[in-house]
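Quick one: the structure is below, questions incoming.
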Amino acid sequence: VVSARRLPAVLVLAGGASNRFWPLEDKPFFPFAGVCLLERHVRMLAALGCERFVVVVRPGLEGRAIEVARSAGAAAATIVKQDDALGMAGAVLAARFALESLGEVPLYVTQAQDVVEPSLHEAMLIGAPSAFGTIAAARVKSHFPGGYLVVEGERIAGIVEKPAPGSEPSDLVNLVAHYFASWRPFADAVAAAYAEAAADDAYERALAALMKREAFRPLVYEGRWQALKYPWHVLDVADMLMDQWRRGRETLPEGYEVREDGVIMGRDVRIFPGSHVVAPALIGHGAVIGHNALVRGSMVGARSVVGFGSEVARSYLGEGVELHHNYVGDSVMADGTSMGFGGTTANYRLDGRTVPSTIAGARIDSGREKLGTVIGAGAKLGVNTSIMPGVKIGAGAIIGPNLRINRDVPGGARVLDDDEYGRF
Amino acid sequence: VVSARRLPAVLVLAGGASNRFWPLEDKPFFPFAGVCLLERHVRMLAALGCERFVVVVRPGLEGRAIEVARSAGAAAATIVKQDDALGMAGAVLAARFALESLGEVPLYVTQAQDVVEPSLHEAMLIGAPSAFGTIAAARVKSHFPGGYLVVEGERIAGIVEKPAPGSEPSDLVNLVAHYFASWRPFADAVAAAYAEAAADDAYERALAALMKREAFRPLVYEGRWQALKYPWHVLDVADMLMDQWRRGRETLPEGYEVREDGVIMGRDVRIFPGSHVVAPALIGHGAVIGHNALVRGSMVGARSVVGFGSEVARSYLGEGVELHHNYVGDSVMADGTSMGFGGTTANYRLDGRTVPSTIAGARIDSGREKLGTVIGAGAKLGVNTSIMPGVKIGAGAIIGPNLRINRDVPGGARVLDDDEYGRF
Amino acid sequence: VVSARRLPAVLVLAGGASNRFWPLEDKPFFPFAGVCLLERHVRMLAALGCERFVVVVRPGLEGRAIEVARSAGAAAATIVKQDDALGMAGAVLAARFALESLGEVPLYVTQAQDVVEPSLHEAMLIGAPSAFGTIAAARVKSHFPGGYLVVEGERIAGIVEKPAPGSEPSDLVNLVAHYFASWRPFADAVAAAYAEAAADDAYERALAALMKREAFRPLVYEGRWQALKYPWHVLDVADMLMDQWRRGRETLPEGYEVREDGVIMGRDVRIFPGSHVVAPALIGHGAVIGHNALVRGSMVGARSVVGFGSEVARSYLGEGVELHHNYVGDSVMADGTSMGFGGTTANYRLDGRTVPSTIAGARIDSGREKLGTVIGAGAKLGVNTSIMPGVKIGAGAIIGPNLRINRDVPGGARVLDDDEYGRF
C-alpha cells in the first residue's frame, strides 16, 4: 500500500434505527455471501492500510460489531454505541471519547451501508487533493434527492440539501466519505452545531461552518454506489457486489469461485439435472438447486434450497431459505424463510405503473417497474399463496395456503384467511 | 395459371358483426402468423389469376381492407362497406354498384372466414362443370347444421337449410363458393328476393329462384374446411393452416421455415435450454420460449413470451402475449394478453362432459371434450388465477390474483374478487 | 423347497373392516404394481411348498379372494367369509369347518396385511424351534403399541398387550405368524375363549390358555415388517416392496425390470424429454411421465399420467391416476384419481410439528414430519387446489378449483367453495 497522505483513523457510521429497512434489520450487518456490509467496509479500508477504526453502532450490537471488525482484519477497533437516533452528528459525538485516545490524527468519516467500489476509498486516502477537507461526490445525470455540492473554483462553498429539481447548484452529490486533516476541528464543529440545535441536520450545519474557515475540495467518484435505505436496495447492492466479484474487482468471499460462465459458486453446492443457473448469480455454500429450477440475476444464500421447478430471478435469498416450485422475482427473502409449492411473488402491476410500497407508515413509489416482496427472517408462506408487488412480510409471520397478500403483514402475525391482508 | 374457364370477378364477403366470435373481433381480419384470413383468401385467388375483387366489409374496416387487399396482391380491388347486418344478400346489394363498373363478367362469391384449401378455388375456377352456376359442396359423414343440396341427376334442384337429422336430402353441404356465369342475373335475383322480404334468408331464396331458371351443378370438395364462427374455431383453423404449411401445400408466411421436426419457426426466435417445442407448432417472429417451457400443437404469435415453466397445448397465442409458468390448453389468447405466474386455463370438466360456453347470451355446447378459455386483446390476468372451461374474458379486462373465473367477464372489467364471476 | 418340519395348512386372516384405512379399502386387496398383498402373501407361502390355504375374508370379497388365491398359485384354497367383525378369534371360528376337512395337520396362522420378508415364513416353516407352538416376534428398539412376549427361559410364558412404555416384559413384539403343531387344540382354545366372552381379545386369551398347557417358543425375526393399518402405511409398504424388488430379494411383478439406476420399470412406459425418474421408483405398465416431470421415491401405477412439470415424491399413485403440473408428496392417490394444473398436497406443517390426521372420528398423530394426503379411488380435484397435511379425500369426491381443503371430505362429496372443508 502506497500512502500518499497520512493514513487517517476511520470513523464508521454503522448505527441508526433501520426503520425504513423493515422487515429487514440492521443495515450494516446485512450479509451478502456471508459477509456483512460492515465487514466488507472495514476489510476494504484495512486492505488500504487503515489501522485505527471507530465503529458506531446502535445499542445491543456492540458484540457483533467487535466480531465483525476482528474478522475484517481491523488492527485496532473501538466500538461505540449510539444511544439516541440523532443521525450522523450524534454518532460523531458518541465517538468523541474514542477519538481523543487516538491523538491528533486525520479522520475519514464513512458509512457502512453506503456501498461503493474500493476505488473511492483508494482515491480518498491516496490520490485526494490537498486541503483541510475532502468530500467525495458522485456525478449524477438526473435529479437525486441528496445533498448537492456548491463548487466555487476548486473549493466547495457549501452543500444544498435536497434542492428542488432544476435548481441543483451542480451535478455533484455528497457521499458520506469525508476526509478531515485533523479530527478535532471537525468534532468541535459538530458539537457546536449540535449544541445550537439538537436536530437532524447538525452534521450538515457543522460542515457548512467548517467550510467557512477551512478549504474543502471535492473528489469526484465515477464508480457505482448504492445506499442501503429501503429494503429493495438489497437487490441493487447484491447486483453490484456480484458484478464486482465477477469482474475480479473485489476479493471473492471465502470459498467462492467464479465459473467460466460467470456464475459465482460456493462449496458443496448440489445442482440437480434440468436446472439452470444463469449469470449474474451467486450460489452459497451447501445450497441445493433442485431439478428443473432456474436461478438468474440472483444471490442464493448458504444452505438454501431452490426446490424442483422454482424460478429465482433478480432476487436475494438469505441463508437456509426453502423454495418449492415458486417464483421469486425482484424480491428479498431473509434467512430461514420458506414458501410452499406454487407460492409466488407478483412483481409487476397489471396497470404497468411503478410499484409503490409502505415505508414507516407512508406510501412511497419505489420507482421500480418490477418489485416483488421483502420477507423478514423466519417467515413461512403456505402453498399457492401470492404476495402482491411491493407488499412486505414481517419476520416470523406465518401465512396460510391459497391466500393473496395485498398489505404488509406485521412480524409474528398468523394469517389464515384473506380478510385482513388480502383485500384489494 | 391455366384458365379453363373465363376468370371471374371475385366477390369476397368479409362483413358481418362477428357477435358470436366475441371476445375476438372481425373474423376476416383475424391473423394467423401475421396473415389475416382475408389476406390469405385474396392471395390464394390472385395466385390463380383472379384480378378483380370486390370486398364487402363492415363500416370502419374499409381502410384495413384496402391495405390487406393490396398486401395480398389483388390487381384491382374495390372495397364496399355493408351498413346493415342483413347477411349475404345485403352484402351482394351493397356490392352491386361496384359490380356494374366491371361489365358483364362471371362472378365468384366467396367468404373470407370460411377456410378451405386452395384446391377448392382451383377446381371452381378451372375444373368446374359447365353450367350457369356452380355450387361448391362438402361431403359430410354425419349431420351438419348447414344447407344441404338437393341433387337431381347432374343438377342442383334446391338447397334445404338445416334439415332435421335423418331427413337430409343428400350428403352434400353448401359451401359459400358460388360461381355464376354472369353476375347480373344473380344480383337481380338477390335484389328481387330482398325486395320480397328483407329477411336473413334472401340470398338462399335468390339461389332457389335462379335454380328454377338456370342450370346449377355441384362441385364436390373433399379437402378440409373450417368456418370461423365461434371463437374456439380459431384453434381448428390454426391447426388446419399449420398442417397446410407443414406439408408444403401452401406458401409459408414470410420469413418462416419448417424445421426438420415439423415445427414452423419464425425469425429471431429465442429458445431457452430445457424447453420443448413439439410439432405441430408455429413460433412467431421474435418470440421467446423460456427455460423448461413446453409448446405443442400450438401457434405462438410474434414477440410473445412463453416464460419459464409454461405449457401451451393445442392453443393459439396472438402477438405480444406474455406467459409465465402457466398452462394454456385448448385456448385462444388474443394480442397483448398476459397471465401471471401459476395462472391456468382449466380445459376439462371434472364430470367429463363436453364443454358448454355462452354465445351471444345463450348457452351452447361446444361439442369439445377439451376447451379452455378465449381471452380478448389486451386482457391481463393475475397470478395463480384459474379460468374455468369455456369461460371467456373480454378485451382489456383486468383480473386479479388467486381468483377463479367461472362466468364470462365483459371487456374492460376489473375483477378483484370471486363475488361476481367466481360463483359456481 | 426343503421342509424341515411338516408343512402346515395356512390360515390367512384377510377379513376385517379396514375402517382405519379409509378412504382406501380392503387392505388385503390393496395392490402394489398390480399385485395385492393377499396375492403376494399366498404366493410367498406357496413358493415355500404350502399347498392348503384357508383364507378368511369379509362378505362380498369371496369371489375376488378365489381369483387372487388361484393367481397366486395356491394348490388348494378354501375361502371363508367372516360375517361379524370380532377380530381374529371370529376368523378362526369361521374357518373351523374348512379346517375340519383337512384332517389332523399343523396350522400356520398369518395375516395378509402384515407385510414381512419371505425369510420370516421360511424360518417359521423350516428352521423354527420344535415345540407345540411357535410365535414370530420382532425385536423392537423403542416402545411399540403391540403385544409383548413374556419369555421364561426358552418358553413364552404369556403375551402382555400394549404395556405402558417402560414396563415392557421384553423387547419382543408378537407378529401374527403363529405355528401350531396341530390345529385342533388351538381352535378349541379359541372357541372356549370366545364362549367365555365374545370380546375382541378372545384370540389372545386362547393363546394364553394354550401356553399354560403346551410349550410355545419365540422365533425372532430381524427383517423388515410393516402392518397396513392407517392409509399412509401404504407408503411404508411401497417403500419396503420397492426395496425388496430392487435388491432382488423378491420376484419382480410380471413384466417389470430393474434399470441400471435402480428404477423398476414396467412395459410400454413413455418417458418424455426433460423428465427425471430417480430410484427408488417404480413406473407401472403403460404409464406416461411427461416433459419436465420428476418422480422420486414413488410408485406410479399402470396407465397413470404424470403430466408436464409434475413432481411425485415419496408417494403412491394407483392405476390410471392423472396429474398435471402438481406436487404430490408423501401422499397416496388411489386408482382413477386426478388433480388439475397447479393442485398440490401440502405435506409439511408450517409449525414443524408431526402431522395429525382423523382416523375413524378421532384425531391421531401420524408421527410423520411429512405427510400429504390420501385420496380415495376416482376422486377428482380442480386446478390450483391445495390439500392440507394429513387431510383425506373420500372416493369419488369432486373438489372444485382454487380451494384449500383442511378437513376430511366424505366420499362422493361435491366441494365447490371453502365454506365447509376449507376453514382453519
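We just call them A, B and C in the order they show up, numbering each chain from 1.
The rule we apply is simple: a residue touches a chain if its C-beta (ideal position, glycine included) is under 8 Å from a C-beta of that chain, and two chains touch if they have at least 3 such contacts.
Keep in mind the model is a prediction, meaning the values are calculated, not measured.
Visitor: Enter the angle, 0 to 180° in steps of 5, of the rotation superposing CA atoms of chain B on those of chain C.
Guide: 120
Visitor: Same or different: at the chain A/chain B interface, is the fraction of residue numbers used by both copies above or below half?
Guide: Different; most numbers are used by only one of chain A and chain B.
Visitor: How far is the middle of chain A from the middle of chain B, if each middle is the mean of its Cα atoms, in Å?
Guide: A distance of 57 Å separates the two centres.
Visitor: What residues in chain C touch two or more of the other chains?
Guide: Those would be 274, 292, 309, 342, 384, 402.
Visitor: What residues of chain A sit close enough to touch chain C in their complex?
Guide: Result: residues 272-274, 291-292, 308-309, 324-325, 340-342, 380, 382-384, 398, 400-402, 416-417 of chain A touch chain C.
Visitor: Could you pull out which chain B residues touch chain C in their complex?
Guide: 274, 276, 292, 294, 309, 311, 327, 342, 344, 346, 348, 350-351, 384-386, 388, 402-404, 424
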